[in-house]
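Alright, structures below, take your time with them.
Here come two complexes built around chain A, the first alongside chain B, the second alongside chain C.
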Partner chain A sequence: MIKIKKSEFSEFIKNLQKNYSVFAPVTDGKATAFKKIKSADDINNKILNTKRSPKEIFFPQSEVLFQYTERGMEVPKREEKPFAIWGMRNCDTKSLLMLDNVFGEAHQMPKKDMYKDPYWKEKYDNCLVFNLACNEPLSTCFCNWFGGGPFDKTGSDIFVVETDDSYIFEAVSDKGKKFLKEFKTAEEISDKEIKKIEKLKETAESYLAEKQDVSSLFSKTKEIWDEPIWDEIAAKCVNCGACAFVCPTCHCFDVSDEGKGNKGKRIRLWDSCMFAIFTKEASGHNPRSQSTQRVRQRVMHKYNYFMDNYDEHLCTGCGRCVVVCPVNLDIREVIKKILDYKK
Partner chain B sequence: MKNTYIPFQMKVKKIYTESPDRTLKTFDLSYINEEDKFDFLPGQFCEFSILGKGESPFGIASSPTEEDILKFTVNRTGSVTNEIHYLQEGDIVGIRGPLGNWYPVEKFKGQDVVIIGGGFAFTTLRSLLVYMLENRKDYGKITVIYGARNPDLFIYKDEIKEWEKRDDLTLHLTIDNPVKGWNKLTGFVPTVTKEVSFDPTSWCVVCGPPIMIKYTLPVLTEIGFPDEKIYTSLERRMKCGIGKCGRCNIGSKYICIDGPVFSYEEIKKIPEAL
Partner chain C sequence: MIQNLRTEVKKLLKDKKVDIVIGWEKGSLPLSSTPLFIHKEEDVDRLIFDETCRNNLTTYLTKDKRKLGKTYDKVGIIVKGCDARSIVLYSIEQQIKRENIVIIGVPCNGVLEKKKILQKTENEEILELKIDGKNVHLKGRDFDLSIPLNEVLCDSCLTCRYPDAPVHDIFIGKPRKEIDIKDEYKKVTDFEKKSSEERWEYIKEEYSKCIRCYACRNVCPACYCNECFVDQNDPQWIGKTPEVTDSIIFHLIRNLHVAGRCVDCGACVSACPVDLDLRIMNKKVEKEIKERFDYTAGLDINEKPAMASYCENEKQDFIMG
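After this line comes the complex of A and B, so read on.
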């Protein structure tokens, strides 16, 4: 472990920018999001959970798949520098690992290469993630339900703890180790500081609400698939899709063309299973025309279907959906209701 | 890294108007570049692109034995299919594929096969039928039940005439309601399936509109076909075709990669499949 003084932070970011395009949490009007920064001045390290999740760095809300003219099709040129993300939190870092399962390859298929998503892979494979520990988790945080925690290091390349006057760096992945090895100006940390980190961790964990045991969530969701509980859960949902848009793990998209004559582009855009049109076919047939079916789909995908394929829940407990839901449909309450449901 | 989102170009070689109301047309596409040619098996699908309008998934209607073309039959119903219907011979279109899995033709070898189809969904069934007829000695008895709302709405009418002449194929054609001059079967596909007698040791492939599939599968169970020998093809509004966009997700499966072909045994385990 090494540390840099807060007074050296600007210099650190400046150096990082030599080899990387640096993204970090910024305040953008009333909203907060991960954006490409010009300098350390843009960064707001006080933001715990950005309103929009950092999935958009790798999987933007809209992305041009290719442009076409009468001469043919062309994929837009990508940035040459790899991405470094400063200040990601554990819930988001973990979400990227989950999304990499989806966009990386279809594990069950032969000819794996054809199932890779090149747009995701090009950005994600070379990125460097600085995961910032959460010293003061929010009341909406429930990462501890899904195996995460304010000081959990899963998925980070470099794990960072903020103290009064410094940032303490710990290399987690090989990529992170390589990066820190080349770091010459930083100081080693003392035993006293290690103790300080322990203390910060304890305090942070005490901020979190009580952990819910979700070990039976997978089997329970399967059991109740046909039960009327879904009508109850979906009753107040207005199918606005806000939960899916802020969710760091939701990844459904639409593909749409914009063009006239021989010139145009094909674009992919975030979409959501909350919308009736998501599954509506040209014939008018809609296999998921009811709101209840759509709410069930989202909950089932997160807490059952994804588990079936990848052995984990498609939720990191970031709490963004709890914050944005216009009708206060709290996913934690939904989970509790499912777990408590008696047939 | 291979980019499966980029279509390759094919030329519209021949267009057939299948129905007098012009809602059904078949398009034979020819490859422009030799290296785009791909191997596939009956049951697989492609994304058919009209740049500027979008793309839609269609089952491949040609057989792998028809090497120089890809055939698609398109019902004119939405914005992309409208544009496809405006195509003229010689026009260039975009294709991505082959996508998805296929009917288990290997398992069918040496066995009797029953094909049950409805309406313009006969596309991948044509692929299967032509493939089996081209390799006729590899398969046992072949029985086909094909239903349409009325006689005009059968696709591949010229080929049906040829198939009717063959003595190595039993073909049952049915329409929903009686029409003057129609001397073949009348009645919905599930009902006709119940009436036609066949050996339940055969393999069975069903493809048609969702409502037909839903009511035909239980009839097959009633006749005595085991679930693992009944196959059907599902459809959803697939966009990416490679298991990413989530539109065709049912249960833990994605129709575009785990399907579109599923056995009845698998379907019973997938919520919302039918």
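After this line comes the complex of A and C, so read on.
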């Protein structure tokens, strides 16, 4: 482990920018998001959960897949430098591993030789993830339910702890080790600082609400699939896409063609199973025409179907949906209701 | 007040005057209440009504999703002034039968705007909220704050003329008549005074934040189309990207679709996850309609809505010629 002083942070970011396009949490207007930054001044390390999740760096809300004219088609040119993401939290770094299961291969489960998405891979495969420990989790954080935590390092290349005067770096992946090795200016950290980290970790964990045992969530969701409990769960949902669009793990998309005359483009766009139109077929038939069916789909995908495919829940407990839901349909309560349900 | 409300609701259920009552209960976050659907008397004690009851529950009466107004013969619904006006709108537009709805009015002192509160705490999380009369007490991990209630009420509430349901079957307490508001359109007139470049910049900046989640549309009582124009894809009327040009078209068309129908309940504003200023354009349209047709949405069940009537001596200065 090594450290840099806070006073050296600007310089550090500047150096990082030589080889990487650097993204970090910023306040953009009234909303917060991960954006490509110009300098360290743009960064706001206080933001715990950006309103918009960092999945959009790799899987943007709208992405041109190709453009065409009568002379042929072309894929738009991308950024040449690899991406470095500063300031992700554990619930976000873990979400990238999940999305990579779907779109990529770096973390795909062995023998699950599935589709590899070139648009995802070109951004994700060479990226460098700095995971900033959460010194002060929010009351809506429930990463501990799903095996994460404010000081958990899963999914990061370099794990960073912010202390009062420095940032302490620990290499987690090979990529991270290689990066830290090339560091010349940083100092090694002392035992006192290791103790400090321990203390910060303890405090952070004490802020989290009680952990819920979700080990039976998978079997339980399967058991209750056609029970009336879903009507009760879904009653207040207005089927907007707010929860899915702020979620770091939701990844459904739609493909839309925008053309005029001989020119046009094909775009990939976020979609959500909460929208009525999501499953509407060309015939007009809609297998999920009811709100309840759509809410069930979202919950099942997160806590059952994804588990079936990849052995983990498609939820990192970041709590973003809890904060944005306009009717306060709290996913933690949904989980508790399901776990408590008796047939 | 709350005891009287609960007693009334229990009575309605007991006497089988309603099959279901829609109200609010305490939410899971300090600043939130959450919709409550009451079928049984024993759930009535969960009912609350206070400054966190932002949602316009009448939205559950219509729409593809619930159509509670059609599923049940008799629906009781607890309403603030603005919510009651949405029911008037539904009735005029024949989305519900007025006699099927039991409108239960509650005295409204305005509801809290989360975004304003978070500005006060500089985005620090709120862990505890208490309201006593004119003050709001907020507690977080490192702060303890008291602020005057009217600094954190929704903009809609600050200019609301009809806080108590102008149309109702039951009212808990005594409804106030129209309140005189002086500067109702101040924000709009200030906005109108800006140069067109400045206005365009503002609109562009606001609408570029939109993530097209449609929370605003889906909570809105006036947006109940079975298929919204943005969802149609054959033909596809507008682009589906969050690019500002597409977003602006979505919002401006929605503004026109709710023209003369918006009751300024603020549901859209509080639902928006990215804090977009949705009110300025709605209020601008409302002001135009007020000035041109002297019409206010949702006050009179027998009045023809502004956009559904025609009169020869209306101002026609919008026709170029």
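Here is the rule we use: the second predicted complex is superposed on the first by the 333 of 343 C-alpha atoms of A that agree within 3 Å, B and C clash if a C-alpha of one lies under 4 Å from a C-alpha of the other, contacts with A are read in each partner's own complex, and residues count from 1 in each chain.
Everything below uses one rule, namely that a contact is a pair of C-beta atoms (placed from the backbone, for glycine too) under 8 Å apart; a residue touches a chain by one contact, two chains touch by 3 or more.
None of the values given here were measured: they were computed from a predicted structure.
Once chain A is used to superpose the two complexes, chain B occupies space next to chain C without a clash. After overlaying the two complexes on the shared chain, residue contacts for A:Val327 are found with chain C alone; chain B is out of touch. When the shared chain is aligned, chain B comes close enough to touch A:Tyr115, but chain C does not. If you stand at the C-alpha centre of chain A, chain B and chain C are 90 degrees apart, rounded to the nearest 10. Looking at the shared chain after the overlay, A:Ser139 reaches chain C, while chain B stays out of its contact range.
By the touch criterion defined above, A:Phe9 reaches neither chain B nor chain C. When both complexes are overlaid on chain A, the residue A:Ser256 reaches chain B and chain C alike.
Look at A:Tyr341: by the touch rule set out above, it reaches neither chain B nor chain C.
Of the two partner chains placed by the overlay, only chain C lies in contact with A:Gly241; chain B stays clear of it.
Nowhere in the superposition do the C-alpha atoms of chain B and chain C come closer than 5 Å.
Note: residues 254, 256, 258 of chain A belong to the chain B contact set and to the chain C contact set alike, using the contact criterion stated above. By the touch criterion given at the top, residues 65-66, 68, 73, 75, 102-103, 106, 108-109, 113-119, 121-122, 225, 251-261, 264, 266, 268, 271, 273, 278-283, 285, 287-288, 293, 297, 300-301, 304-306, 308-309 of chain A touch chain B in their complex. Of all residues in chain A, only 28-31, 51-52, 61-62, 136, 138-140, 207, 235-242, 244-246, 254, 256, 258, 267, 269, 272, 275-277, 289-291, 322-324, 326-330, 332-333 touch chain C in the complex they form.
For chain B in complex with chain A, the residues that touch the partner chain are 1-7, 51-56, 75, 77-81, 210, 235-237, 239-240, 242-247, 249-252, 254, 257-258, 271-272.
Every residue of chain C that touches chain A in the complex is listed here, in rising order: 27-29, 32-35, 37, 55, 59-60, 63-66, 115, 125, 127, 141, 205, 209, 211-215, 217-219, 227, 231, 233, 236, 239-243, 267, 270-271, 273-275.
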